[in-house]
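All chains are identified by letter, namely A, B and C, in their written order; residue positions are counted from 1 within each chain.
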Amino acid sequence: MRISIIIILLLSAAVLKAQHVNPAEQLKKLGIELPAPSKPVANYVKWVRTGNLIFLSGHGPCNFDGIPKGQLGDELTVEQGYTAARQAGICLIATLNDAVDGDLTKVVRIVRVFGLVSSTDEFYDHPKVMNGCSDLMVEVFGDKGKHVRAAVGTNVLPFNIPVEIEMVVEVKD
Amino acid sequence: MRISIIIILLLSAAVLKAQHVNPAEQLKKLGIELPAPSKPVANYVKWVRTGNLIFLSGHGPCNFDGIPKGQLGDELTVEQGYTAARQAGICLIATLNDAVDGDLTKVVRIVRVFGLVSSTDEFYDHPKVMNGCSDLMVEVFGDKGKHVRAAVGTNVLPFNIPVEIEMVVEVKD
Amino acid sequence: MRISIIIILLLSAAVLKAQHVNPAEQLKKLGIELPAPSKPVANYVKWVRTGNLIFLSGHGPCNFDGIPKGQLGDELTVEQGYTAARQAGICLIATLNDAVDGDLTKVVRIVRVFGLVSSTDEFYDHPKVMNGCSDLMVEVFGDKGKHVRAAVGTNVLPFNIPVEIEMVVEVKD
């Protein structure tokens, strides 16, 4: 009996903690410094707000040295793919931070994450790669970071990057 | 003259019928039992509601025995692809049913269906495959099931499944 | 000092011009005649409005003679891909025009453009291809045409078309 009460209290504390996550503080704890949001090189923009939704352009890993290029299942391991997806996620948060004028507490919910993973025909572990982005979103935004997701394959991405990720985010008025 | 009146009456009846479709009854008539909504295996969820929109994760065929794996144009026929897309559609409806607390009459409109079909470079009939999902939505939701769609190819999908489908749905307050 | 004032005035004029673009007039200036919106051949539709958002189906180049088929990096040059993306964009505007009852001034913002480019594993210039659509949107809608974008590769598209493009648009009440 007493043990179940303790478990409930611990779970409640976990839930409350998740709900009161401060994204900027979480980034600090994780040792993540947001890069300057990258500029698009053509007639498009990195984010558009419509109503309470912010749509973000497809992002690959940005401003990071040593991100390898190529296909999963060929040049790249799952671990390298996971790291690339996490770094694309950091670039998405940098753009999102720009969209909310530097106040990430305005984020109500990471709604949708759509990730394309460059891979050979015999590579089937796209979800393990995209966990790099999904894990980051929950580390930074807590329960608000839990999103719907598609993690799919493709034979090739621009500039031979291993992952490209789109996102939709709900924000406060 | 009389024939055209009869035709108009028949068409009106068809339209009225389409508008008053009860999705749960339609599922019964079609002999479809919704599977328990599958659980995600990572830091994402199967659906997120924002305003009146429900975004659903990418779904493949779930909980079905005998769904073959592989590429269209190689191991799989268009008929097998159509069946796989229909079964992914059933899984999407199971998740949607969970999102609307079991009351599918809350669905105002199936808005967007985005389907990726694993295929060889020489396979061009992705729309015929995705009809498996589109036909199901209209059978179950009537005119409310008519959606915008993209049916595209890819070289490979997670776990070597033949189709993966995302959906956006408008629901009542 | 005087020069900077002149520059500011010129920039302001450019901004004002961009804000007051009339899409129908721009189409005329560009010599673009919108084709009749193409009909879907299955249980889906070309556009759905939900709230102030219009979702458009995946469009390829429509009603155009001489659009070549195949993959970028193999049969097709970047220039041919750019032209195909521009013509898919014209088809998207034709559908959008239908959705707003022929009054394109109702467009508040081209929100999202998602473009798949059929290509070999060694082709990395998908953004240059998708510029064909992005440039068109800004030529026709001015600043309202600036969208978020993903420009990605795939091994094959329906009917062997070189590009397929989805769009989300915000419109007035």
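In this section, a residue touches a chain if its C-beta (ideal position, glycine included) is under 8 Å from a C-beta of that chain, and two chains touch if they have at least 3 such contacts.
Here the structure is a predicted model, which is why all the values come from computation and not from measurement.
K.L.:
Do the two copies subunit B and subunit C share over half of their interface residue numbers, or under half; same or different?
P.N.:
Different; most numbers are used by only one of subunit B and subunit C.
K.L.:
Working from the CA atoms, figure out how many degrees subunit A turns to land on subunit C, in steps of 5.
P.N.:
120
K.L.:
Per the centroid of Cα atoms for each chain, what is the distance between subunit B and subunit C, given in Å?
P.N.:
Each chain reduced to its C-alpha mean, subunit B and subunit C end up 27 Å apart.
K.L.:
Going by the contact rule already set, what residues in subunit C reach two or more other chains?
P.N.:
If we look for residues of subunit C contacting two or more partner chains, we find 51, 154-155.
K.L.:
Considering the complex alone, what residue numbers of subunit B touch subunit A?
P.N.:
My answer: residues 40-48, 50-51, 55-58, 71, 116, 118, 154-160, 164, 166.
K.L.:
Sort out for me which residues of subunit C touch subunit A in the complex.
P.N.:
Touching subunit A: residues 51-53, 108-109, 111-114, 119-127, 131, 134-135, 137-138, 145-155, 168, 170 of subunit C.
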